[in-house]
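A, B, C, D and E label the chains in the order they appear, each numbered from 1.
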Amino acid sequence: GGGGDSSGSDTNSDLDSDKGEGVEGGDLVLAVLSDASSLDPAGSNDVPSSVVQANIYETLVKRDDENKVIPGLAESWEPIDDTTYEFKLREGVKFHDGEPFNAEAVKANLDRIRDAKVGSPRFFLYEMITDVVVQDEYTVQIKTEYPFAPLLAHLSHNGGGMVSPKSIAADYDAMNSGKDAGSVISTAPVGTGYFKFDSWQPGDNIKLVKNDDYWGDKVHVDSVTFKVIPESPVRNADLETGHVHIADPIQPNEVVGINNSDFAKVNQKASSSLAYLGFNTEKEPFNDPKVRQAISMLVNKEDISEGVYDGFGVLAKGPLAPGIFGYNEDAKPVDYNVEEAKKLLEEAGYADGFKSSIWTNDNPQRQQIAVLIQEELKKVNIEVDINVMEFGAYLEKTANGEHDMFILGWSNPTGDADYGMYALFHSAQKGSPGNRSFYENKEVDKLLDEGRRESNPEKRIEIYNKVQEHLIEDAPMVYLIHTEYLTGVSNKIKGFSIDTSGIYQLQDVQFVE
Amino acid sequence: MAKKEMLKVEGLKQYFPIKGGLMGRTINHVKAVDDISFTIYEGETVSIVGESGCGKSTTGRSILRLEEPTDGSVVFNGEELTTLSKREMRKHRKDLQIIFQDPYASINPRQTVADVLDEAMTIQKILPAKQRRKRIIELLETVGLNEYQADRYPHEFSGGQRQRIGIARALSVNPKLIICDEAVSALDVSIQAQVLNLLEELQEQYQLTYLFISHDLGVVRHISDRVIVMYLGKIVEIGDKHSIFENAKHPYTKALLSAIPVPDPTREKKHIVLTGDVPSPIDPPAGCRFHTRCPFAQDICKKETPVLGTYAAMADGHEAACHFVEEIESGTLQAKEFEETVFG
Amino acid sequence: METDLLKVENLRTSFYTDDGEVKAVDGVSFGLPKGKTLGIVGESGSGKSITALSILKLLAANGKIVGGEVNFKGENLLSYSDKEMRSIRGNAISMIFQEPMTSLNPVFTVGQQISESLVKHQQLGKKEAMSRSIELLKLVGIPSPDKRVKQYPHELSGGMRQRVMIAIALACNPEILIADEPTTALDVTIQAQILGLIRGLQKKFGMSVIMITHDLGVVAETCDYVAVMYAGQVVEYADILSLFQYPKHPYTIGLMNSLPRHDKELEKLEPILGNVPNPKEMPVGCRFAPRCPAATDLCRTKMPDLLPDEKGNDIRCWIYTDQWDGESEVTIYGEKRNAESGRTQTILSH
Amino acid sequence: MTKFIVRRLLQTIPVLIGVSILVFSLMYLIPGDPAQIIAGEAASPQTVEQIREKLGLNDPAPVQYFKYVKNIVQGDLGNSIRSGRPVMDEIKARFWITVELSFYSTLLAVFLGLIAGIISAVKHYSWSDVTIMIVALFGLSMPNFWLGLMLIQWFAIGPDWLPEFLKMRASGWGDSWKQVILPVVTLGTGGAAIIARMTRSSMLEVIGQDYIRTARAKGLGERVVVYRHALKNALIPVVTVVGLEFGGFLGGAVLTETIFAINGMGRLTIDAIRTRDFPIVQGTVLIISFLFVFVNLLVDISYRLLNKRMDVN
Amino acid sequence: MVVQNPIADVGKRATNPKVEAYKGLLKRLIKNKAAVVGGLLIIVFILTGIVGPYFTWLDPNATQITNKLAPPSAEHWFGTDNYGRDIFTRIIHGMSITMKVGFFSVALGGVIGVFLGIISGYYGGKMDTFIMRVMDVILAFPGILLALAIVSVLGGSIQNVIIAVGIFSVPAFARIVRGSTLSVRKLEYIDAVKALGASDARIIFKHILPNVLSPIIVQATLRIATAVLTASGLSFLGLGAQPPTPEWGAMLSEGRAYMHQAPHLVLFPGIMIVLFVLAFNVFGDGLRDALDPKMKK
């Protein structure tokens, strides 16, 4: 099915259609769910931090809306051999502190994020890098341990944001005097981006100001403030009363109301993330693929999409969202089919159903999904309890494999199939790295390893298509939905968009008259 | 004398710690009872009198080990009580009973009279359960209550009747000695007389020994054989009641006796009025504790604590703790600023 | 007999409770001549305090004066408005309460509490009032009064607090001082101080005093006249000598005989039998009848009136009326009394 | 007095030690590894291990606790796991917001509560008494987050006809009175109700005391009796309640802060618990507990100022 | 032996005294109009909680996405929620859960608190100091955080909410009971039974406990109110009952996302909580007045 397909497109242009002329200046206020934890690209790995960092730092390469890698701070690049990439850097770029951006800076950054003493939560992005070699002022080579195809995608990740070498040095000095890593960089972030850091009231707001010395097109607004407002009704109230200009996220059920209002519209954007119902494939009865398939057939994704997301989402066929490199257009999703499911259960010896549980964390959408699935499973006498856990406990317990079924999400900030599947399904990644289904399939392992190393994009697509077929067949999880980012955008501004990993694009935003 | 010693108290001290200062250390003590000794013989009534806070009740409570004495010995019926374990002590409690002042507070409001008495007998295993009811009714009759009142709750009785229940409870375990701590003070005069008479009759009937604590000298004179006068934790005078009431030697006892209004309008209304208030037992005055209010006080009184002694013109067993008993008696020592007041 | 400064006639006060009406005071009559002391004695709960409070109209919210008169200098206080009453209270008539511990406001200094009356009734300034307070404290015998005025009640001993209460009561030179058990909470030696003090002040200022107590000793030593109360009523009103020498009412006799005394040895106490009647279930006839050894059918069915005798003392007992239906000589708690039949009746209460 | 204060301050030490042990062991017992949480849903074991090592989470619990206590004694509450900032800094930013919020709420509660309570007591059993007490009971029975939501619905979003000047700001704290009112009302309502009831019963009780009768016996007017003699005494138990309420507000501000997006200590603590940011949780709990104890110390002091009787003990 | 004269008897009725004692209490309780209203409400709540679920004609958990967020109507009295479940039915089914939370958490906190309070008050000394310091710690510890921590450790479920709220209410009971124990312990009848040789256990259970019962009962009714509020606060923070349990606090918390669009989702559970809490507050107040002899007029 494809109930949500059409809504996957970017509605940006509609949004701005009858707005007036843009003006320069103004303070743009965004209401966000939670505060950044660190403004050091190596300091955290959460979305709230990323959305701010993306405006301060730039990466060597970027991805466009079609997920194609495009130049960032690197003007061009080429593979030298299987394990070496060479980058030509943009010249004349300066950090906010006036330091020049050059190959040394790239090396300093990539070395830092891999430094055990720094203990970066984004280490995993670059753990395959063995060396960064400065060729000349504007040329740098990156060497990896093994051929690693998604390297460019990984470099486009926020974790690859370039920090001023002066800050890095200062940060190391601070570490030597007993401070935590990132203490300097996070409190006074210095990048090359179109916004400069201004102030941070932890827990409340972060303010960035326009970088007048930016090497490219400068932003229109004078400053941008990310204001933390955890409660949805309050975000909306502020949007309505004009205290904020962008409210993120909007609850699906609120979209119609806002779109009908005269103060704001909702920006929809398909995300690259996946919501899924995972099975503990090492536990009875979920070690039987038939049971997993049966349950997959019992999950009414349409209902979930309608009921939980008010239709704002793309029904998932497999683990990858449309648009991600490696997405299999032709994959046959498991369809809702109660009869077939009953048959499968019978074959598996569970004609009379069984008792089980679904775990989830205190995320309202996941809870709602759990409730709907619980109701569906009742139809085949599968009695499930819902167990809502607080996030920390949830992650730990699912990593330990204490669960039966669980609902979780997986986002894909690199836009590459490897990121979307390796951690989730490779048997080497069981538990905390991401494979909380404890799924193990030799063939899939092999394919995933190959996909990483293969540098030919065509071949990679082929490999990943195969993986997806296996994954649909084996059903280690029920692929539920690729949600949409729903962002309330005030009628007072235009030019706003958001990318598939949820990063706000503020470069073109301006107030309208 | 062939009198049998029933209770012998020696060097009894009861100090209550005062917590305070930093970290709630003990910073001081209330010397409620400070080294007192006396003996009670079988079948007699000994009273303790004295002003509020002088340690009368504490003496009684320490003897019963309701408060663990700080120091001293209490020999009851030949047996040292202070060294008994709690468990052994519980067995001995049968012989030592107590009746309290407040008829409203001294019975559990949630027990019927029968419950109260039954419990007492259960604890001390006085009778098999079946025979207790009969005994309860006997006891009630003994104290002048009726059988039909056995199943009533305390709130259905008047103060005097409650006091009778308290007495019945004390009697129920066949004690040898009963401590009556202000047992009649809360009662109206007319009821008080009923209860006093009852106590006297019971004493006769069961050869009870009473330690009678009261601040009412009229009652004390009526009921006692011997009297102990306490002042600020110490015994200042002790003797048979005639000695005390007719031949008091200690200036405090004299003042005490003289301060009481006499219900006889024809009598001369002269009183010795002590100046000042009773000092605090926390920091009792050095030397004789009474010297701060004593009209005869001399320098030595501020330094040396007088001991109990029998002086000239005092009967056997009559002792007073004053440096100047004889001088005052003979008139060689005159009172300073001795104030006499007339009420009417 | 002098004219009475205060004359209470057939005062009746009731409380209205969940369980119905409680007739706490039900027929109280007495007179208080100027400069004299009247004692009110009686058992706990007999209505002594309520009588006093009724005079000043200071009853709790659920209490109400339902009858009688309180004549002060010929005017019935019961007809006074609230405002008029306030000008009497603390001024012409003042009162000392039973409990020195709880009758002073813990959050104000002694000085503040004394001054209040002065400011209110004598229109003194704050400063004057304070220096007058110091004088008053000196008057009641509190040492270093200039320091004490600044202290709070808890810093004083019980005896001192009671003196402060007296100072408050005396502040405006009252004509009548009502002392409701002013010494019950105190030790005998302190009691002696306080009673001596009140007596001395009375002599000095010539005021009349109502001394409420249950202690016959106190009465004997301080009073000129005595009203004996029983179960809400005055049962006997007499001058002090008559009362002690020849008590007439059986209750008074019983009371005297059940009193253990420290000044002389008594063979055996003669207690009054039985208990005080429950205020909710008062006997229909004489209220003392259930406990009276001489009670007859008449006593049990009809309430006697409070009637004057030849000495001008009042007595509420059938024995001393011509309606008496018992023996002409009765023995009450060991005392013999002759019935006085044939006397003319004049009803004291109108 | 100084001695008393010093003594009371010292008495708080065992309580704070208890609190620190409690919070430490709770944090230790709670499942959820901070390193794992920082690393997120997709964390390679190496990444997690690196973080653990960095945070010193591999030490045994007692070692961690003593390290922690040692640092506290030196005035160092450690660094936030999540942000790496010193806990002191993290708290400082929010501390005054929560204190302010609690303070204003207490002020409102006291103001409303006292007025209502006095009226109620003085007009005992009148219709105004009954009305006030019914309103107070409702105030007491209302979940305050619900009240907060309702207030936002009515006064922040509001119906169209709501005049502009009545429209309050739904989020944040303190830039204008419009950002203050809703949270303060939300937090203060329950307290106002409690104080009103307390004041009423305390007034009624005091009015029955002997010394009130003494005041009347002096011939004082009813107003003087009620407002001078009774109120000052009646305030004593009320002060205790105020102290407890203020303490309660500090902890209870969690919900209010969450709803109104107020960046205070409550929200910080909740977020920190969620992210297993141990040092922050320990720091905030310690500080909130300390404040609670401190406020109660203030209560005790005002007790003594109001009521000199307390000196006896 | 004959004692002078038999004493006149006070009352002549020979009714059962136990009944008499409680009759008085009941009488005073009934005089308090608010208490009667509160008591009746509680009875209605209890009855509904017990039998209500048998009389509802809809399944409280049956989802019907097509009919979600329906406003109140003849068919759905209180409307439907975001899954299309009938709110009225859910509220009826949630009644017993709310009651369970209230009763059991108070029972838990009460039993522990009463025990600690009695021990503390009766033995005094070091034991008392220690227990009371621990209580201080719990009191000083921000309540909601304590609950949060407990629920985090044990996982979110009704039982754990009960445990959390129960522990949270321990200090209140302990303090009150300690206070009353201290005053009861001073009463002379305690010394009297001690002098009879009664063991500590007997004194505590037979003589102290029954006499500190009335403040406990009052505290318990008022605590039930607080407990329900605390529990709903926990649900609001997402730490309460597990879905799809129709616990009112959880309903409220889930419904808040739809506040603008479908206010009935928060209105009805909110009102129910207020009423429930109100009933116990009112009743507790009345009980306190009835048990307090000072209020006897």
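By our rule, contacts are C-beta pairs under 8 Å (C-beta built on N, C-alpha and C of every residue); 3 or more make two chains touch, one makes a residue touch a chain.
Bear in mind that the values here come from a model prediction, so they are computed numbers and not experimental data.
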**OP:** Without counting subunit A, go through the other chains and collect them into connected pieces.
**Re:** one piece
**OP:** Count how many hops through touching chains it takes, at the least, to reach subunit C starting from subunit B.
**Re:** 1
Original post:
Can you list every chain in contact with both subunit A and subunit E?
Top reply: D
Subject >> C-D compared against D-E, more contacting pairs >> reply: D-E
Subject >> Chain of greatest Cα-centre distance to subunit A >> reply: C
**OP:** Could you give the separation in Å between the centres of subunit A and subunit C, each centre being the mean of its C-alpha atoms?
**Re:** 91
**OP:** Compute the distance, rounded to whole Å, between the mean C-alpha positions of subunit C and subunit E.
**Re:** 50
Original post:
Rounded to the nearest whole Å, what is the centre-to-centre distance of subunit A and subunit B, using the mean of the C-alpha atoms as each centre?
Top reply: 87
Original post:
What is the distance in Å between the mean C-alpha positions of subunit A and subunit D?
Top reply: 38
Subject >> Where subunit E touches two or more other chains, by residue >> reply: 4-5, 7, 10-11, 152, 256, 259-260
Original post:
Multi-chain contacts in subunit B: which residues touch at least two other chains?
Top reply: 24, 158, 160-161, 194, 197
Original post:
Which subunit A residues touch at least two other chains?
Top reply: 231, 233, 236, 390, 392-393
Original post:
subunit C touches which residues of subunit B in the complex?
Top reply: 51-52, 158, 160-161, 188-194, 196-197, 215-223, 245, 255-267, 269, 271, 273-275, 277-278, 341-344
Subject >> subunit C-touching residues of subunit D, taken from the complex the two chains share >> reply: 208-222, 229, 232-233, 306-309, 311-312
**OP:** Can you check the complex and tell me which residues of subunit C touch subunit E?
**Re:** 17-18, 62, 271, 273-275, 278, 290-291
**OP:** Note which residues of subunit E are touching subunit A in the complex, please.
**Re:** 61-63, 65, 68-69, 82-84, 151-152, 155-157, 238-239, 242-244, 254, 256-261
Subject >> subunit C residues touching subunit D - in the complex, by the definition given at the top >> reply: 53, 56, 58, 60, 82, 85-91, 94-95, 97, 99, 102-108, 113, 116-117, 120-121, 152-155, 165, 168
